[in-house]
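The structure that follows is given in the form of structure tokens.
Order as written gives the chain letters A, B, C, D and E; numbering starts at 1 within each chain.
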Amino acid sequence: MSLIIDGLSWLLLMCGAFLGISGAVGTVRFPDFYTRVHASSVADTLCAALIILGLILQAGFSLVSVKLIFILAFLWYTSPAASHAMVRAAHFMNVKPYLLNKGKPPSKP
Amino acid sequence: MLAATAIAVIRQHSLFAIVMLFGIYSLLSASIFVVLDAVDVAFTEAAVGAGISTMLMLGTLVITGHHERTPKHGPVLPLVVVMLTGAVLVWGTLDMPPFGAADNPVHQHVAPRYIEDSPQEVGIPNMVTSVLASYRAYDTMGEVIVVFAALVGVLALIGIREQKSPRPVSTTDDKPPRPVLQVMAKLLIPYIMIFALYVQFHGEYGPGGGFQAGVIFASAIILYVLTFGLDDAYALVAPSVLRPLAALGVLLYGGTGVVTMLMGGTFLNYSVLADDPVQGQLYGIIAIEFGVGLTVATVMMLIFYAFISRGEKAA
Amino acid sequence: MSMHLPALQVIIPLLLAAVIFLFNNARIAYIVSVAASWLCLAIAIQLLLLVNDGSVIEYAFGGWEPPWGIAYNVDQLNAFVLVIVSGIAAIMFPFSWRSIQAEIPASLHVLFYTALLLCLAGLLGMTITGDAFNFFVLLEISSLATYTLISLGKDRRSLSAAFQYLIMGTIGGTFILLGVGLLYTLTGTLNMADLAERIGPLQASRTLQAAFAFLVVGIGLKLAMFPLHLWLPGAYATAPSVVSAFLAATATKVAVYALLRFMFGVFGADFAYGEMHVELMLVSLALVSVLFASLIALLQRGVKRMLAYSSLAQIGYMLLGIGLANVSGLTATLLHLFNHALMKGVLFLALAMVFYRTGGSSMRHMSGLGRQMPWTMAAFVVGGLSLIGVPLTVGFISKWYLILASIERGWWPVTAVILVASLIAVMYIWRVVEVAYFKERPADLPTVSEAPLSLLLPTWTLVAANIYFGINASVTTGIAQNVAQTLLGGVQ
Amino acid sequence: MFAATCLALLVIMAIALIRAFIGPSVYDRIMAVNMFGTKTVLFIAVFGFFSGRPEFLDIALVYALINFIGVIAVLRLVERVTHTGTGAGPK
Amino acid sequence: MMLDFFDLYNYWVVIFLMMAGFYTLIAYDNLIKKIIGLNIFQSAVFMLYISVGKVSGGSEPIAADNIELYSNPLPHVLILTAIVVGVATTALGLALTIRIKEAYGTINENDIVQMNRDAEAEKAQEWGRE
């Protein structure tokens, strides 16, 4: 039983780490702000979820897992909001998406 | 990584970028504190360095602008001074006891009593709290006074604009409303406050205590100011209410000390507060932690109000 | 109640600061502050009497005996400094009411008194504490309050001066923190008496030497030791007059005390003189600062700035006394702590009265005042004479001991420098006197009347003290000599 | 297992730092800060398990909170600066 | 020798940070940057303290039944206090910066020093007319 749990949380943690890294690489490699936000926010959300699920499996049924769930809920709640606010601010500040000026160098507001 | 951040902070010329990198720096150093077992410190550093300091710096940037000119004079003299200081330090560390060894003098004297006896003498498991609030309670009172002194300074320097702004619709005429954030904030703020209370009263058992709770509580209000604007925040918590509360927190702390004095102990000796010394310690610690929390929360809010209202006036 | 005196000494001003902030009424703030300062003086005198037989009072906070808890230790040395600080406060606080009416907007008066009380409490606490880290905390309390007080000056330059002081003061504070940290690493304790015991066997440790260096430099920054003095002239010259007076008379004195305490009380005279050869550094720096600061003072147009530079020179004298490393030298330092507080207090208060009446304190504002404000200028002259070191004033006593000490050591150049610097002091004081008594009042400046009694009275109390302790010096010299002997203990 | 995850998170943090260093726009930096903060939260959580004392998740929660408020604050103030024209706009 | 190096490695990183902050503090003219330098400088000192308090293999100083070795709680307490002192100083420094900006129109130290000097010179001229 414990072997299965260990294996499962191992898998979850590794998947989460992988997603996180790919998201991070995305933020460095993508050409403009909007695509970068996309990379970071989408990958981040699942990455956080996977890692915390992995930890919950380890913690078992206790106060610790309740706290972990709190953290997850909080992250799920705030990080899309933060991304939203960022993109919104950038939009109103006239940061142009990459596709709108294709052929020119990436926009650097 | 920390070193890299520090260098980046120095090299940057845009003050905005600097402040943000400073936030990262702060989070990083807080992580290092966790790795070094100092959970309480990490807690505070995250709340203060990454939270309050960064926000105050941003508030200042709004007023002062954010471009730095390249320095004109050569950096030779500072470099020499810095090198000299660094050399003294490196020289000094050569004779330092090795990192982490359990038989260092630091761990041999004074500290063992805190570790071995404090759970019995003071009756709470978090040794940091028991040292903070009982063995070295007078330092902590000094800390509260320092915060209070900072408030006095900030009020004397920039004050708080108390009346409402002449244009009540200021947020709507030039900027689109922000429904998502406002709804979010409304949902979130009560939970933040409950969390602050939890941190306040759980400080005896886990990391946390009055200072951290105060900062978290203040950050809830700061979130409110950021999403709804200053005028609405004034309607919620007016500065004129906060001002006396800040002083009351200090007096609660000091008053606890005076009471212990009147009851025959020395200043801040909680053991006399109840028949059972350990119980008395508990009462005392709860009272002063509450004083700390009260002062810190109100002072942080007031300072933030002061910065923001100055910014709006400048605008 | 008498057992609580050491704690009350600091706690009364600390808590009353919060109380007046709560009431938020300027008149109450004033009355409470004055009462607090008088109470502090009474307690300080009581403490001095209690320890006069050489005993040490220990007060353990929270009932935890040191080194586990924080303790206050009162001995003759810090009781002496406590009396100086609280005595000056007891005179300055009543003075402040009229003086700040002219200089600070009414809405800030409560905050002014809160900061003033916090500053006083911090200074007293730094003096009385027996715990190295507690020293740092109280230092920061007094520093923060000081930055605020300085920035309340009328001129915008007070802001930049306060900022500069904030930066340098915080560097100093952080250096002290670093030094304390290194000491803690070596010994595992923070209590000063315990530290002194445990440092004994570590004399050759390089970490200890580094700790000593950081503490000396850190305190040196606070002390405005040459070449770390850059903040002082600006800060003293632009702060509100009564603040300059208070700071000039107390803040640097407490820093000198801290230097003494760490050098002798923690590291021990053997380490300081034998291992680190601190006397060579101190004497050379002190000589440079005495000479240069006096010369720069001669060039100043603002009288406040001139007095600020003269303060630097006086700090040089005190360091010189420590550097001479004999009983007479230390006695001179301790006496000068007391005497300089008295004379600089008089000079700055006289200036504050000039400012109150004329709205400025440059040489120009002072011209022709000798006849229009006779009592004020008379006070200034007495203070000036004392600064020069004329017999029958306090200044003479400390200079006398300093010269004795240098002769004892056989360092004739030092004696010469002291005499030359005194001559320069004659010159810069004379410039003011000349302007005030022998120059006509410029036509475009209004004629003014004598300062009100509520300002004159505190000033003349100090003048009287100047003369009294100049004629009857046995009390102060007795204490100073006693303390100096205890401090040097092992060396002689 | 936890060590590996910690390491991976550290790598992610380093990459986020790179983005924060090179910018180029103020929003890129905000995004990097946000990402960095999230990863710090996870790092603290995982590290708690790694060191065998997972009770101290409160800290992670505080980090998440501070991080969120920080991002909102930066955004608000960036807006305000560009609106009032105190500077020539964020760069 | 190699071992020695690792014994002190932590301290040296801290010293590097300290020097970086200190350099920022004294070499740059911008007041806000100075304050940030100050913060870095201070936090490096904090880290030094915390490093001192760490015991290898020790645990957080919160008593639990199954743990024998704790890190030293005293440095943690001291640094908690010091952090608060730091933020208080920062707040006051920033408030001063705002006032300076309003009074001088700049937050560059060189400019401010220059302006102060000009003011002095003006006064000197006035005096010279007498």
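The working rule: contacts are C-beta pairs under 8 Å (C-beta built on N, C-alpha and C of every residue); 3 or more make two chains touch, one makes a residue touch a chain.
Keep in mind that this is a model prediction, so the values were computed, not measured.
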| remark: For chain A and chain C, the touch-path distance in steps comes out at 2
| field | Chains contacting each of chain A and chain B, listed by label | value | D
| task | From the Cα centroids, identify the chain that ends up most central relative to all protein Cα atoms. | result | E
| Dominant interface by contact count, named by its two chains | B-E
| query | Where the centres are mean C-alpha positions, what is the separation of chain C from chain D, in Å? | reply | 47
| said: With centres defined as the mean C-alpha position, give me the chain A-chain E separation in Å. | reply: 33
| task | Could you please state the distance in Å, as a whole number, between where the Cα atoms of chain B are centred and where those of chain E are centred? | result | 15
| task | Mind checking the centre-to-centre distance between chain B and chain D? Centres are C-alpha means, answer in whole Å. | result | 19
| task | Would you give the residues of chain A that are in contact with at least 2 other chains, written as numbers and ranges? | result | 78, 81, 85, 92
| said: If I count partner chains per residue in chain E, which residues reach a count of at least 2? | reply: 22, 52, 59-60, 62, 64, 74-75, 78, 81, 85, 88-89, 92, 96-97, 99
| field | Touching two or more other chains - residues of chain D | value | 30, 32, 55-56, 58, 61, 65, 67, 72, 78-79, 90-91
| said: Going by the touch definition at the top, which pairs of chains touch each other? | reply: A-B, A-D, B-C, B-D, B-E, C-E, D-E
| query | What part of chain C is in contact with chain E in the complex they form? | reply | 133, 136-137, 140, 144, 147-148, 151, 156-157, 159-160, 162-163, 166-167, 170-171, 173-174, 177-178, 181, 184-185, 190, 301, 362-364, 442
| Okay, in this complex, where on chain A does chain D touch? | 6, 9-10, 13-14, 16-18, 20-21, 23-25, 27-28, 33, 36-37, 40, 44, 47-48, 51-52, 54-55, 58-59, 63-64, 67-68, 70-71, 74-75, 78-79, 81-83, 85-86, 89-90, 92-93, 95, 108-109
| In their shared complex, at which residues does chain E touch chain D? | 59-60, 62, 64, 67
| query | Okay, in this complex, where on chain B does chain A touch? | reply | 175-176, 178, 180-181, 184, 188
| field | In the complex with chain E, residue positions of chain D that touch it | value | 51-53, 55-56
